[in-house]
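This report refers to the structure that appears directly beneath it.
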């Protein structure tokens, strides 16, 4: 169970409820997942994290689906069980098909493999890759 | 320097040259980056890795740009210097703008943060996230 | 379940019991947690690990609470479920309040984020940071 | 070199300068390290990251020195060269002695070892560690 | 549960069955473990991964037992619960004794510790280690 | 450069020299690599780490070559530049051929790939893998 337990909406302070309300409105859902309920024990972290996620995940130069797939790729690389589960759901909701999931995981697997081959063989960076864009 | 050194085209065996040729033809470039030259000391690994990368990175349910950005997201998470350099270049070539790079890194950073918050607070996976798609 | 099972005090060899006794005496508890019971299948590892932990975690230039929080920060970064659970308990016993836990996790999250931003943007180390202390 | 290069104060936009000024004022220094100059290519990330770091690293339930040591512990665990260099400097400035650095690294090393022993031996979490605080 | 569920032999396509048959024949077992049943939703990944594993794990310059122990060492370092469980079983089947498991884990633990000490103390690579073999 | 600099034999205390002497005698070499010279600033860590490495790397149920290859596999997975360089040298000295290095890296790469596929697809551990040996 979560270290400090989960704070449900009904027992939350007005400040926490305000953030819960914004999460539900932004995501167009009627529930709050456990991650936020666990963070709610530390209001500054809850507020800062939600503001950051809301800003970062808004469509911009990249659309939401691409961002959710990147989030899932990072979570699978770090092997964070909670985040794999929650961002698989989020990516599916944003339009990820099973075929896209399969290709995403294939890239994640291959990148994790070649990262270690490059490091393990001590490959030096090519001169052409060193210049800033 | 690379553990076993780098095998240049001019000194490569016919089997290695065949793979080098396929890499250059597939990527429409006239050079081979150090990663492949280091792997060339182990022909089965060179062949299997290139075949895998070629298959995985071909456009399918996801386009090349999205795949290169996922590759870069994984490499940044693992902090593999070589792969960050080479896949930043590859993603740029595939069309990644500076604005897209910025949003990509923002997602990578936030995912790495929330992965640890979820694990650190020992958040249990929500029932709704447990069912297979 | 643990790969080789857990060795309970009642079934332990005299050498293992001696270490169990020292663990309980040092920590002023009357029980042994599963980690040590699993390691007990390999006496040299049990002995070396306990001696190392006992030496390292003794108050010195840093007090026990600070050390337990650092232990927890590493475990959260590595996302080791067992160690997050056990060192959260140990840190609480050493005096970590909920407010301290919140700030600790905030630092852990932010460090994990900026580690990837620094690597992902390929930031070179400043000259001023290169000189030894 | 940094992917997008570094933005020096003299060439920075007013918005970036405002953040640079706040960094220098908060840290009571007269220079900006490369990390921020690299992030400055993406104003929202620069602003959000600095605001987060400023908030999180302010003294609260934990003092600055403890926070800098936790930051360094995470950076050493992730093996981020840039952040190890910069946060070693920051921790020293905040009062970390060589003896404290030695004990910090000893805890980091041991935690990384026992994290893998706990996972590698598949040790199940003790019942006593499962209940929320 | 697995994101896309598990594909049992009885419900598998002929292409998937062919791979399942080859896995069972190669490993001289009469069952398929969940990893392959989960990958079976993406035929190219199932086929490429199995072909890669089959090729890589065949006895060559290194025997199967050594390879399985290396596989387990990597999985313990990454703390992948599934792979620790499956490759512990595979290594035992290949002849790993409890004493060998103990020594393997001791090396894994120590390597994870010294990796962070070397990085944390910012140790530069010795000149003698820089030359290719 | 190393955070606290390197302590050369000529400037070392008698306690440090004793350990340096034991390292050279045990390894049958006439020099000390930078790792130990950096650790020498913290005598308890130098002593404990060397004693641990000496004990763990001694031939037992596993021979030295196998242990050095496992050490290298972990270091490549963690992408520790220093340890990859030093343990590649140590494994070569212990008898690792180029062919063995190639197969080792192939296993390391594949294990890093399948670790993420298993976690990314959220594969549950098979019942058969759950029972202790």
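Just so it is clear, A, B, C, D, E and F label the chains in written order, and each chain counts residues from 1 on its own.
The rule is simple: a residue touches a chain if its C-beta (ideal position, glycine included) is under 8 Å from a C-beta of that chain, and two chains touch if they have at least 3 such contacts.
Computed from a predicted structure; not experimentally measured.
Undergrad: Is the contact between chain A and chain F built from the same residue numbers on each copy (over half shared) or from different ones (under half shared)?
TA: same
Undergrad: Among all chains, whose Cα centre is located farthest from the one for chain B?
TA: Comparing chain centres, C lies farthest from chain B.
Undergrad: Once you count every C-beta pair in contact for both, which comes out on top, C-D or A-E?
TA: Counting C-beta pairs in contact for C-D and A-E gives the edge to C-D.
Undergrad: Using each chain's Cα centroid, which is most distant from the centroid of chain A?
TA: If we average the C-alpha coordinates per chain, F ends up farthest from chain A.
Undergrad: In angstrom, rounded to a whole number, how far apart do the mean CA points of chain D and chain E lie?
TA: 33
Undergrad: Just the number, please: Cα centre separation of chain E and chain F in whole Å.
TA: Inter-chain centre distance comes to 20 Å.
Undergrad: Could you tell me the distance, in whole angstrom, between the mean C-alpha positions of chain D and chain F?
TA: Those two chain centres are 27 Å apart.
Undergrad: Touching two or more other chains, which residues of chain A qualify?
TA: 1-4, 44-45, 48-49, 52, 77-81, 85, 88, 98-99, 102-103, 105-106, 108-110, 112-117, 119-122, 130, 133
Undergrad: So in the complex, which bits of chain C are touching chain E?
TA: Residues 3-4, 41-42, 44-45, 48-49, 78-80.
Undergrad: Which residues of chain D touch chain F in the complex?
TA: Result: residues 79, 88, 98-99, 101-103, 105-106, 109 of chain D touch chain F.
Undergrad: If we count contacts the way the header does, which residues on chain B are in touch with chain A in the complex?
TA: That would be residues 1-4, 31, 33-35, 38-39, 45, 49, 52-53, 56-57, 60-62, 66-67, 69-71, 73-75, 77-78, 80-83, 85-89, 92, 97-100, 102-104, 106-108, 110-126, 128-130, 133 of chain B.
Undergrad: Taking the touch rule as given, give the residues of chain A at its contact with chain D in the complex, in rising order.
TA: 1-5, 44, 48, 52, 55, 130-133
Undergrad: What does chain A use to touch chain F in their complex?
TA: Where chain A meets chain F, its residues are 72, 76-77, 79, 81, 84-85, 88, 105, 108-110, 112-117, 119-122.
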